Every structure is written in structure tokens, then in C-alpha cells.
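Order of writing sets the labels: A, B, C, D and E. Residues in every chain begin at 1.
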Amino acid sequence: MSVGIWEIVALVLLVITAIAVVRLQNAVHAALALIANFLVVAGVYVALEARFVAMIQIIVYAGAIVVLFLFVIMLLSAASASMGKDLFPRLPWVAGLGAVGLAGVLLLALSHFQPPASPPPLQGGLPQVLGPLLYDPQQWLYALLLVGFLLLVATVAAVVLIEPERIASQPGPEAPKDEPGVAER
Amino acid sequence: MIHMGLWLPLLAGLVLLLFPSLGRGFAVASAAASLVIWLVLFVGYDGGVAYYSQTPFLPELGVYYSVGLDGSGLLLWFAVSLVVLLGVWIADVPVRFLALSLIMQTGLLGIFAAQDLVLFYVFFEATLIPALLMLWFFGGPDRLRAIYTFALFTLVGSLPMLAAIFAVRYLGGAESFLFTDLAANPLTGPAATLAFLGFLLALAVKTPLFPLHAWLPGFHQQNHPSGLADAMGTLYKVGIFAFFKWAIPLMPEGFQQWQGLLLFLAAFGALYAAWVAFSAPDWKTLLAYAGVSHLGMGALGLFSGNMEGTVGALYLLGASMIYGSAMFLFVGLVYKRTGSLELMPVRGLARHTPALYVLGMFLLMAMIGLPGLSGFPGELMVLLGAYQVSPWLTFVTFVSVVAAAAYALTAFQKLFQETPPRPASDAAQASAVLDLNWREWGFAALTVGVLLLMGLYPKLFTVYLEPLGRAIAALFGGGA
Amino acid sequence: MTTLYILVGLATVLTLLSFVVSREASRYIAVSGLLLAGLYSLVDWGQTVIGFGGLYQFDTLARGLTIVAILGGLWALLLGPARKFEFPLLVLFAVAGIHIMASTPNLVVMVIALEILSLPLYVLATWQRNEKGFEAGLKYFLLGALAAAIFLYGIALYFGATGSFAVGAAGSGPLYTAALLLILTAFAFKIAMVPFHWWAPDVYQGSPTVVTLFMATVVKVAAFAAMLRIFTPEGLEVWGMALAALIALTILFGNLGALAQSEAKRLFAYSSIANAGYIGLGLFGPTGGITIPFYLLSYGLATGIIFAVLAMLSNQDIPLERLRGLWYRRPLLGGAMAISVLSVLGLPPLAGFWAKFMVFQEAALAGFWGLVVLALLTSAIGAYYYLKVFFLVFSRPTLVQEADDREAEAALAEFGSSEAPGIPVSSAPLGLTQGLMAPAAHTGLPTLSILLVALGLLGLLSILPALGLRFFSPGPTTATVAATITAPTVGYSHSEYRFITPNPRPLHHPLHALRAPPGGALTAGSHTLLDGSPGDSLELFANRSPLGLVGDCSERRVTVVVTLPLPAPSCEAVRPRGQDLTPIVDSL
Amino acid sequence: MQETIFLPLIIALPLLGFVVLGLFGKHFKEPVAGWLASSLVLGSFLLGLYLLFQGGARWTLLDWLPGIPFSFNLDNLSGVMLLVVTGVGFLIHVWAIGYMHGDPGYSRFFSYFNLFIAAMLVLVLGDSLPVVFIGWEGVGLASYLLIGFWYNQRVNADSARKAFIVNRIGDLGFLLAMGLLWKMFGTLSISELVQKVEAGGYNPAALTLAGLLLLIGAMGKSAQVPLMVWLPDAMAGPTPVSALIHAATMVTAGVYLLVRHAFMLHGDACLSGLIVVIGLITAIYGALASLGQWDIKRIVAYTTLSQLGFMFVAVGVGAYWVAIFHIVTHAFFKALMFMTSGSVIHALGGEQDVRQMGGMRKYLPSTHIHGVVATLASGGLIPLAGFWSKDAILAYSFAYGPLLWALMMIASVLAALYSVRWYVLVFWGDYRGKEHPHESPPVMLWPNHILMVGAAGAGFMGLPYVIDYQNFLNPFLTPAIGDFALEKLPVLTEWILIIVSAVVAAVTLWWGFGFYQQKAPPWLERFQVWALEGFYADALFNTILVNPARSLAGVLLDADRGILAGFTGLGSLVGGLGRLLASLQTGALRLYMVGLMIALVLLLGWGVLR
Amino acid sequence: MIWLFASALLFAIGTYGALTRRTAILVFLSVELMLNAAALALIGFAQLMGSLDAQVVVLFIIAIAAAEVAVGLGLIVAIFRRRETTSVDELRQLRG
């Protein structure tokens, strides 16, 4: 396997942006670094014949999900909130060691990977080839449906989480009178 | 019949728990019925494991509900049934207490009847529950510590036994946990040594063997002064039986590895406990240590691994269950009269309660192994067996016979004899302390009768114990 | 299939329906939906329903565990009339997630199901809406997300190593090992195995008690369903030691840590950690597919009862002291609590003992003797804190408690209803700090009756554990077949039995001959094989060459005498994972 | 030898008395209980006599315990003992009817008394060692009960307890002997043991050990040095008890046991020598200690010790029939001596200190005559019973060794001295007490009359061969004991010994009679202080055995609590470990994550690098 | 192959971030990085093994990430509303 210059560049970019995500003090910067990282990854996907996935990566992951992060960071004005004294100042060293160890172990495991001699073609990973797989009841339709269900679950869960005051302000009309108690505060 | 005998007490106990108004009469009737059932079983006994029954319980795992009675089972069923009857007959306790005793009776009977190792284990452990409840609900003020000691000793000992149980079957290659299967595939090699250790820990607690006897004094001290719970606890000391029935036949090689240590512990414990008993501050402590001493002697016999020792150990076990329990109940009677169990002040009871005095004398003499009473045949056989293996340890053990006389008679003297140093209000004392009432007379008559029967005609049981002893001896190449 | 449709469909429909129907109505709809799903799980018991190209596989294991999960969900619903309609909805989601997880052999579906199960739980953990609730929720969520990432990475590696997302794909090498260990880590997190357990005590304590009940009883069900499919004994040499190490740490930490606890929910959280370790033992053995569900059921019942009783006391922190005298104040609750505690402790003859017995013997069969001994020793240590609870229940109540009881009774009288507000048996004044959750769960008739039903089930399992075991065993009543093999035996290192069955019975898990030593070579002597049913024929293979039909199990126990021919030339034999012809044992 | 159910019946009769009197004692009016008990003993006596005339009897219950029959055997040896026990026992029973008059525990006393007879008969008749042991401990129990008969006084209860415990030390020897014999021969039946020992094929050293263990048992029961300490204290019981149990019968059980096992002893010079030494020491010790006593019963008790020593010497030198002979004569004269003492005590309202007596010959003429005969028989005046048996012992001692004879001669001198001292202090001089003495009732006199006849004439059944070549007793006993040919002394030597013995005894008695009427010289008083305390044997035992044992018991009790504390400590340790582990649960999310991640790295590292 | 190694690096870096970040939201951000690493690994495998299945699964991963983000951010917002902070170190009421 040859390693071209673009691959080197992309790899360096990937690592730099990733480190930026975990090291930048300003949360907004970190989220932006994550977007950059995702974009690089999307580029890599294209190179790896996964074009549809690359598109989704850009649109959904970088475009929607991480932007949601940015939104929340700003909403909470947590961008560069001073955190006070660090309770565990030596923790980054331990974490660093752990990360290095983890990387080492994973690299070691991956280096044992034996790709098949002649893999079947991927046809660029275009929607035409992914679609039948995704919607075939004998293939991944079940998972797709379940993911839909998962999103429903997530929606309901999120709604429950961020609407806590509903009960306190207006107890449900059918609340039985035998349920005394008030919401806290 | 055997199933009825086994489950009737549980049923009666549960009914009694639900309807306490049925009262003592119900409990007595149940206990008496148990004894009658035992009698029927005894009369119909025809050798071997009789009344054998086997029903799949967890057939996938090789567990069967399998019960049957051999000679040892018969003897110990007798002991249990009799003591429960005596207990519910005599003890002045709340009805729920009686109910718990009945429930515990089923557990004990099951221990002696089980022919499946797992079933045995279940009974062995389940019996703990009523014992704990009795101690908790009716125990003394400092019972919590005693409970934890008791429960944890039991559990820390017996749970590792479960591992050994697995080992016996899976490493031994038996098809099920049935005794017959297991005995046909005895465990050998180093695994046997370790597995035996698993059994050893559990059974040493319940024998009890030195130094795992430490839970016992507290257990007895804190139990209800009526002695009912102590009597049931005495019945629960099934270690010797379990060694005999399970541990040794299933792992003869393992046993041989530990035999030396076991013999030493048994002998040392017997003497040690008797010695300690001499300075016991109260009756319960005294009896606790006395029990340790006697069963140490019994264990010595069993660990000799020959016919005489085995027969002696089993007989001594049965006898000590009866006189030990009766002794606790007797102490309960004393407590009823004096309100205390301490040994220190001289009480001089005999003048007011001659019948109680005589009863006590009988029990005491049975306890210290006076020939002609129930303690002696077992002791003698233990002696004959143990001497063949280790004369010195036998000597050490039987020094406790001397010590037993010392502690027992000293305590007895303080309770009954001499004149209490209370010149005034003596008359009041005399009228306050009553001799036996009719119920207590019944208790005394039955007890003394059994003590004499077992002492004078041991053949009644030993004739059935002998084949068992020979079987044990045959494991080690002895017998013939 | 119907079960899946009912659960997922109902959850979806109810989401919308909740806007129009009353809160209580939606609760009862959820309850009836769960009941219905449970009933449909029972239809065609023993059959395997396969759908979606094999991604959905509803076999006996899945059926049994689904029912356990449904029981847990029903319990939580009946106990906790929450003050938001989402509560039953979230419970329903979680149960659906468990069902999906339990009935799939595909890792991707598993991870999706894991999320379906987890997301509602994160929210439920915060249900209390107080500091502790949020703290619990956030810890659970962040650690859970981390675990999910690990799981996903494990799946990626698994795919790399095997080229498949299906469980049971053959593989070897460090990549395969790493993949399995990453997946193991994720599941170890879910079932709270040390050292991936960190969330459990905090979350159990911070969640409302009803939610804790739900977590304690059903979350393990899902994880173990998946683990049973992923970690089959065939791969023991890959993950065995790792799991053994985790289990050793788990049972030690769980039991020892519990000794130091003074808050009831936290105490039982530690207990739950320890029990996760015990259940894990079942993975080693050949019949874990039966014994682990049994454990989960009996443990679920006992823990369920414990937490139900706790829930009736309070949804907040419950210092152990508040259990004092429960027997005297509320005999039913106290008694149920006491029995359940003893069951969890594993005292015979309660169901907990049988459960422990079963999983321990699995480990023993696999030769993990050290682990078995350790497990038993730690069980004994655990006895201390279980007994602490047990005797607290039976202690005389304090004067203050008695006064509180009177107060509570007065309050009850004031409400004038027996269907009442969960009179806190505790000293907590009514109406204080109940948050979004309804006050301590109802102690009315339905609540008590479900408690009684659970007690009854527990009792049934105690007396007749075989019933429970049968319930989780695939196929109809098994027959016992005994084979007597006469020498010579040299050279027959790869031999197997097969049952030729008239109608193929797919087994999710090869049911080994429980009574033959596992992994041993074919030896002369008597062997007893479990499984097989009346009408089956037994065929013996030696070095993959059939020795012919040697007998049939027309009765419950058949003895066949097998005389082996002279040793055939040895050849490499790898047992195929046959669909129709289920290999029963790969070696005698 | 016939199998007959009458044999156990002999035992059953007194046992019946025990049960009936024990259960329904308070329903019997006073003399009835006594007469009932006495007549039952008489019944046993007659039945035993009858069976003996039939040529002995056996009764066996096979496999009483596995391999151990429950068997009785009435042969000539046990027959003699049976007759002594029931005969003398009957007389003492009757005497006790008078002596125990007015005691609140009257029925109880006779109940115990019958129990004793029953147990003693079991001991005597038992053929299987365990059966013997039943009797052995049974008499111990009866002795315990009777010594402590007046248990309201602490000293009595203490004495009873002491007797029982010391006896148990001996019993331990008996038990171990049974263990050893069973191990060697696989049987405990005496009649089978006889055959097996004769058959040989065993380790003789082991047999010596077995004999030694039996000897320990016998020493306990027969109060030989050093296990003699209980006997003087046993005088705390009522006087009939002392007469029956601690003089006539029970204490001779040890001797009987050894004679029974003569087949084991006779070939063993080492063991026999030991027995001789023990007997000798006991004989001299008892005699010396007796000379310092002031309590009338303790005087007699120590004389019993001394006489038991004589019997042991007889066993040791191999003259087994002589030992039995001495048992018989001793039973008569010592019972007489005790009952005479008892009559005096009775006459003086319970006074036992001889310093408060004196001059009784004037007040109690009949008793005085009993006393004279008892003294002379005990002192060995020819031709009373005591002389002949003692002379036989001396003669065989001479055959054993002249030195032994010389020492035994000293013991005989002392025996004469203590007898006459007792006599003089009680019956001569002036009355020194305050109570008004009164003669005993006929029910107490008549038994003494009969005993007096025995004490005078019983010796003629075992005359030396020079006088009566085939005396009655020796050939009578030989089939039961075994025919161990004893070297007969030359006629002349025998005659010289007889004469020396007779003269020495007579002279000593005469000298003593004079000596003890005078004031004691100072050296004697110093000696008496020592002798009074039994030469501090009790104190010695207390210092080296009893007190250490008692303190050790206390220490052990504390140590036992320590064991529990140890286990509890282990528990707290585990609890502490739990707290330590729980403190890992810091609540800090990041630490949790670190923990999780480190574990993951380790796990993966192990998996990948493996 | 190189992308597989890259995914391992990303995963490790994400782990580092999850461990060191003191704000909940940034911890979560790091976890996203880890999810992304898993996706990258799958795509890498897909290319090397010629499997479209893996690409499909990456789509699911993205969906899962979306679902998690919805709940996670909701949770963080809810906590912030109540406590005015998102520091994870301050949540230490539950311990022991």
C-alpha cells in the first residue's frame, strides 16, 4: 500500500484538528475544530469510496449535529467559562498516558489486519448501491426502522428533559388529588 | 410415610405461625405425631437405606429430591423428634417460637434423610433461617453480635462447601448429585484434598471443631433462657453426621490427607473445651463448651475411620443431641425458678426441688458419660476406635472425661447443694421455689427413660449403625 | 414478530396518543400493551421466529428474557404513577429496546437497541429533578456515551476481523481479541462490572426508587441477552480469562463495598454489582442460555420486591435506619423485604440459591474453580449486609418512628382514601420533595397485589426451580439419553453426538451433555446426555465419520451401547454450526 | 456354668429397691424403707449363694455394642466377692436402719444404698470389661451420692465431688486399658481375653501397658498412693456408707479387678514389682497418717488405706487368692470397726473427735466388745481373721524377697499400733465429752454381733498350708483366677514367719495399749501434726495440680474469647477493606472515566499482547 | 490501512479529551470524536474488504450520534438551568 502526499496531509490535519478539539480552552473553538475534523474525515471518506457517507457526514454530522453543539455552547455561555481550580491537576498526565497506551494497543491490534486479496468493488459508495441494501427487508431495513424509532425515543427524551417546569406551573387536570407534593423549588 | 414425617412439622409450623391461637397443644400434637411416625419407620426398618425415594427435582443439573433413612438417619431422626417433642412440651415460650421450632425440625430431619448432596445442602442451609429467627426474636439483649457471629461462621463455612460439592460431582465424574452416584465415583487426587477442605470448613463450624467453635458460646448465651432455641441449636450441630455421610465416603483420599490434623483438632478441642467449661460463668456457657468437648470426642471417633469409631461417633452424636438439648431445657426450668443462669451464687435448690435435682443429676451424669446412661456407649466405642489410630490423642481426649466431672459437678453443686448464705427470708424462698409440676414430670420421665434406654440397650441402634461403620472402615481397607 | 410490533408500534402510537388521552389512561394503555406483548411472547413457545433477513430472531432465550423485561416494566409502571405522561412512554421504549436487543444476532442492531434502551434510562434517572437526579443522569449519560463509543469501535474492529456484523462469526488473532474485549467492555459497563461499574451506585442512589427498580431488574437482562449470543463457550480461550478477571473484581468490589453503605438504594446498587458478577459466571458454562435467564428472573423478582418496598417508603434517599421495624409497622412490606433479601443472599431453599447454584455450576463445569470459590466466599461476606437489612426490618421501631406512623395514619384519614398517597412509612412529611415523581409509590391494592404476585412467583421458583429452568429451556421436555461406550477409545478425540430430530429444533445455544465432562475426549463408560426429546434418534460420530444410528429416545431415559470400531485415522474436525442438525456435544 | 436369667436378677433386686425407693420414697414410713432395702440385698445374697452352689452361672446378651456382649459371669471368684458384698452389705443395711433413724433423707439413703449394691454387683459379676466399667462407675456414682448425702454442708459436697473426680482419673486408666486391649485382641470379654493372652502372639510390652492402665484404674478405686487423697475426705458421708463402701466393698474393687486380670499380671515381673511398691507405700503411708488423726472415722479410713496397701502387695507378689482372702477378712473386721465407730458416734449424738470421747467401755458394753474384736483382728492377733490373711501376705512377701517382708513387717507393726490407738482413745481413759452416751438399739447391735463372728473366724478358711494343707479358699478360687503355681516356703520358714508375725503383733498391741494411755511425748505430737494433714498430700496436689488447672481454665476462657475476638477482628478487617474500596467511588466523573479507561487499556493490552 | 491507524489515533485522542475536559459539553464533544473514529475505522475496513454493509452501518452510527446528542445536550441544558454550570467536577454529591 502506498501512502501518498495527500494522505499524509489529511492524516496530519486529522490529528491536529482532533488535538485541537480536546485541548483548546475555548469551547467554541473546540467545536469548530470538531467541524474541521469532520470535514477532513468526509474528505477521507470520498477517497475511500464512500461518497454517500461523506455527504451525510458533512450535512448531518458536521452541519447539523456539531452546529447543535455550537448552539448549546453559546446558549449556555459556556464558551470560555472559567472553571475554577482544577481538582485533579495531575489527571491530564494520567489521561495522556492512558491515551497513548490505548492508541498503542489499538494500533498493534489493527496492524494484524489481513485484507482480502481482491476485495469486491464498492462502486464509489453511491446512493444507488447503498439504497437497495438499506431498504431491503432481508438486509438492513430492520436496522433502519429501528434507527427511526431511536430518533423518536431521543426526541421524547429530550423533550422530557428540557421541559421540567410544565408540571410545577400547571398540574395536570386529571392529577388525582391523592398525589400531594410539589416540584422542588 | 417418610415424606409425611419430613414435611409434617413444617406444615404444622406454618399453620401455627398463621393461627397462633391453636396454641401449644397443636405443637405438641405435631411433635408427638412426628415421634410416632418415627416409631413406625423404626419398626418397619429392614436395613440399608430404607424408605428410599427419588424424584427428579432439577434433573438437568442432576439434582433429585431423594430421601431415605439408614441406621444413622433413624437414630438422629429419633433424637430430633424426641427433642422437639420435649422442647415444645416443656418450654414456656410464645407460640410463634414453638412454630419456628417445628419448622426447624423439618430442616433437621431433612439433613439426616437427604440422599442427594444438593438436597442435603439445601436442608443444611435452610435450617439456618429458623435458627436465626429464634435467636433474633427471642434472644437476649446482646443478640445482634451473636447472630452475626453465628450466621457468618455458618455461611463463610458452608458456602465454600458448595464449590466442593461441585468438585465432588464434576471432577469425580458422577452423573448426578445422588449419593449412590457420587459414592460410586469418589473424588481422588489433589482435588480431593482441596474439596475435602471445602467440606471441612463448613462442617467444622457445625461440628463444632476447635477453633471454629467460637460462635457457639455467644449463640447459647444470647438465646432465650427457656433453652428451646439452644436445644434446637444443639440438634443443628450436624457436622459429625455430615462428615460421616458425605465428606468421608465421597472423598476418602481427601480425608486421609487431613486425617492427622482433624484427629488433633478433635482431641485438642475436646480437652480444651472441657477445660474452659470449668471456668464458665453461667450455665449456657458451660453447656456450650461441654457440647464442644463431647462432639470433639465424637469427631475423634469418626476421624479414626474405623467401625468402632464411626459407630461411637454417631451414637454419641445422637445421645449428645438428646442429653445436650434436654440439659438446655432443664436449665430453662432452673431459670424459671431462680431467674438467673449464673453459676456464681450458691443456690441450694435441692432442698426445695428434689425432683428437679434428680432430673438434673440424671442429665448431668449422662452428659459426663456415666456408664448406664446414654452418653457412655458412644464414648466407649469412640475410645475403642480412636485408640487403634492414636493412643496419645485418645488419652488427651479422654482426659476431658475427668475434666467433665470437674466442671459438671462443680456447677451442679453450686446450683443444688450447699446452703445459700441467706439466713433470712428462707421460708419465703422455699415457698417461692416449686418442684416439678405435672408437665415437667412428663418431661423428666421421658427424658430419663430415654437416657436409660440408650444407655442400657444401645443395641437398639448400634445394630443398625454397625454396617455403616463397617462401610466407612472398608473405605480405608479396614472392616472385615 | 407480533411482540415486536406491539412493543414498538404501541410506543410510537402512544407517543402521539398521549397528547389526547389522560395521563392515567396512557399509563393503562402502556400496561395493557406490555401485557399483550408478554402474552404474544408466550405464543408458540419453543419456536424460533425469524424475520428481517435474520436480524430479528425470537427464540426461547429472547422470549424468556423479554418476559422478564416486561415484568420489570409492568412493575415500574404499576408502582410509579408519574406526574408526566412520558413516564410510561419511556418505560415502554426501554422495554422495547430490551426486546430488540434480546432477539437479534446482529451487533449493529444491538447497538441501536442499546441506545433505545439507554436514552430513556438517562432521562428516567433525572426524573427526580433535583441535584442528585441530574448528577445521576449526567454521570450515567456521559459514561454511557463513552461506553457506546467503545462498543461501536469494537464493532468496527469485529467487522475488520471477521467481515461480518453477526455474532458468532469465526475469527482469531489480536484484532479479533481486541474487538471482543472492546465489546465486552461495553457490556461490562452496562451490567456494571468492575472496573466499569462506576456509574451504578451513584445512579441507583440518585434515581427515583421506582426507576432504580426498573434499572436493577431489566437493564442486565438486555445486556446478558446480547452477551449470551456474543460470548459463547466456543470462544472461551479468547475472552475467558478477561471475563474471569472482571468477575473476580466485580464480586469482590460489589460485596466489600456494600459493607460500607448506609443508604438502602446505594447498598443494593453494590449488591447489584456483585450479582452482575455472579450472573457472568453463567457465561462460561454450556447451558448459560438457560441458567442465566433463570438467575435474571429470580434476581429480578427479589430485587424488584426490595426496590418496590423501598419505593413505597420514598423515592429519595432511604437511609437504612428507615427500614427499622418495617415488619412491625407494615408486616407485608417487611415480610416481603425479608424474604427477598434472603433470596438475594442465596440462602436455600429460596430461588436465589437455585440461581446461584446454577450459574456457579456453569463456572465449575468450565473449570473456573478459583472463581467459584471466590464467588462463594464473597457471597458469604455479602451475607453480612443482607442480614443487616434483614434484622433491621425485624427490629423494634423507635419511638420517633412510631410517632411518625401515627402522623401518617392521621394524614391518611385526612385524605379519606385507601387508594392513597403512599403514606410514607417514613418520617418524611407528606408532600415534601417528591419532585416530578409521584410521592412514594402507592401502597394501594394494585401495588400490593403485584408485590404478592412477585412473592408468589419467587416462592414458586424456590420450590420448583425445575419449572423455571424448563421455562427457559428451548424445545419441549427434554429426554435423558444414556450412552454406554465400550472401549477402545484411542484416537477418538473429535467425536460428537447428534440428535436426529423429526422436526428441526433450532437451538440458540448448543445444549451440551451436562453430565459428560466438557471438552474431554471420547471415553469408555457411561454418559448421560440431556436434551433431545421423545422421538429423537441419537447418532454418534467419531472423527466426523458416523458410527450409525445407535439408539432412539422413545422413553425418557434410554441406554445405548456403543461399540467403537478400531481407531480411524485422525483428521482435523471443526464442528460446523449446523442449523438443522444441531450438534449436541463436540466431544464427550 | 449355666445360662440363667437369675443372674441378672441378682442385680435387679437391689436395683428395684433403688427405683422404688427413689420414686416413691416419701410414701414409705421410716423403717419400712430400710427393711425393704435390706431384704432385697438379702435376696440377692441368697440367690447368689444358690447359684454359686449350682456351680456358677452365666448370662449373655450378644452384641450389646458391636462386638461387645453384655455378659455376666458368676464363678468362684466373683461368687466370693458377691457374697461379701451382699452379705456384709446386708448387715450394714440393717445396721443403717438404726443409724439413719430420724434422718429426713431416710428413704433416699436406702435408695442410694441399694443402687450401690446393684452397681457393685454389676462390677463383680461383669464378664465384659465395659460391663465391669458400668459397675465401676456406678459404684463411683453411688459413692458420690452417699458421701454428699448431707449436701447442705459445703464440705460434704466438696468431698463427694473430690472423690468422684479422683476416681475418674483412675477410670481414665481403665478406659484406656479397654482401648488397648480391644486394639490388641479385638475383644473385651474377660473370658475371651484369658484365652487370647494364653494363646500369645502379641507384643508383651503392650500387655504390660494394658496392665499398667488397669492398675491406674485400680489405684483410683482402691485409693492407692498417689490417688488416695479422696478416701479420708469420703468420711464426710454417713457412717454406714463408710463401712460399706469405703471399707468393706468398693475400695477393694481395685484389688478385685487386678485379681480378675491375674492372667495378665502374673507373668509380668515389672508390673508386679510396681504393684508391690505402690501397695507398700500405701500401706505405710496409711498407717502413719492414721496415727495422727483425731477424727474417729478418719482414723479408720487411713487404716483402710493401709490394709488396701496390703492387698496390693499380695497381688503384686502373685498371691492372688490371698488378696481375695484379705478382702474377705478385711471386709469383716473393717466393717465392724467402722460400725463400732458409728455406734459410738451415734451414742454421742454425732461427735466424731476422739479427743471428746474416751471411756466408752463403761457406757457401751456391747459396742466395746465389738471394738475389742475389731481391734485385735485389725491388729493381727492370732487367731483372729486379720492375722491369717495378713500372715499369708507376709509369707508370700518373704518368698518374694526378705526385704519386702521386713518392710511389710513394719507396716504390720504400724497396723497393730493404729488399731490399738483407736481402741484406747475411744474406749479407755475417761469420757472427755459432754453428750450423754447411750447404747445402740438392737438393730444396730445384731449386725455387729454377726460381723464380730466373722472378724474372729473368717480367717480359718485360708489357713497356711503348714496348718491346713488344702485350705478352703485357695483351691476354691484357683479355677477362677488361674492356676499360677506359687512357690511354697519350707515348712520351717513358714512356721517361723507365723510365729514372728504373731508375736510381733501381740507385743505391739500390748505395748500400744499401754503407750496410748499415757500422755503423748513431744516428738509424737510433732509427728501427729504432720500425720493429721496426711503428710500434706492434699496441699501438694492442690499446689501442683488443682490450682494450676483451675487458673488455666480461667486463662483459657479469656483465650477463647480472644479467639472469637480474632475472628471478629478479621470481620472488621474485611469491613475496613470494604470502606477502602467504597472510597474509590469518589463521585468525581472524571476519575470514573480514568478508571474505566485504564481498565480498558489493561484489558486490551492483555488481549493483544498475549 | 493508514486510515485504520488514523481512526485508532482519533479514538485515543477522543478518549484523552473525554478524560481531561472539565465541562460536560466538551466531554461529550470528545465522545463524538470517538464515535467518529469508529465510523472512520468502518469506512476503512469497508474499502479494504469491499463491503458496502460497513458503509451502511456508518450511516446508522451517525444517526445514533444524532440521537445521543439530542438527549445529551438536553440533559446538559437542563442541568445548566438548574445549576448555572456544566462543570463535571462539581457533581460530587453521590459518592462513597
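Structural remarks
In this text, a residue touches a chain if its C-beta (ideal position, glycine included) is under 8 Å from a C-beta of that chain, and two chains touch if they have at least 3 such contacts.
Everything numeric here is computed off the predicted structure, so don't read it as measured data.
Identification of common neighbours of chain C and chain E yields A, D.
Common neighbours of chain A and chain C, listed by label, are D, E.
Interface comparison, A-E versus A-D: the pair with the greater number of contacting C-beta pairs is A-E.
Distance from per-chain Cα centroids to the pooled protein Cα centroid is smallest for B.
A straight line joining the Cα centres of chain B and chain D is 35 Å long. In whole angstrom, the spacing between the mean C-alpha positions of chain B and chain E is 64. Look at where the CA atoms of chain D average out and do the same for chain E: the two points lie 95 Å apart. Taking the mean of the C-alpha atoms as each chain's centre, chain C and chain D sit 75 Å apart.
Within chain E, the positions touching two or more other chains are listed as 4, 11, 14-15, 18-20, 22, 27-28, 39, 45, 49, 51, 53, 60, 64, 67-68, 71, 75-76, 78, 88-89, 91-96.
Contacts with at least two other chains are made by residues 108, 112, 115, 119, 122-123, 126, 138-139, 142, 146, 150, 157, 160, 163, 174, 177-178, 201-202, 260-261, 381, 384 of chain C. Shared interface positions of chain B, defined as residues touching 2 or more other chains, are 148, 152. All chain pairs that count as touching, in label order, are A-C, A-D, A-E, B-C, B-D, C-D, C-E, D-E. Against chain A, the residues of chain D that register as touching in their complex are 588, 590-591, 594, 597-598, 600-601, 604-605, 608-609. Against chain A, in their complex, chain E makes its touches with residues 1-6, 8-17, 19-23, 25-26, 28-30, 32-33, 36, 39-40, 43-53, 55-56, 58-60, 62-71, 73-78, 80-81, 85-87, 89. Listing the residues of chain D that touch chain C in their complex gives 571, 574-575, 577-579, 581-583, 585, 587, 589, 592-593, 595-596, 598-600, 603-604, 606-610.
Residues 105-106, 108-110, 112-113, 116, 136-143, 146-147, 149-150, 152-154, 156-157, 159-161, 164, 166-167, 171-172, 174-184 of chain A touch chain C in their complex. Every residue of chain E that touches chain C in the complex is listed here, in rising order: 4, 7, 11, 14, 18, 24, 27-28, 31, 34-35, 37-39, 41-42, 45, 49, 51, 53-54, 57, 60-61, 64, 67-68, 71-72, 75-76, 78-79, 82-83, 88, 91-96.
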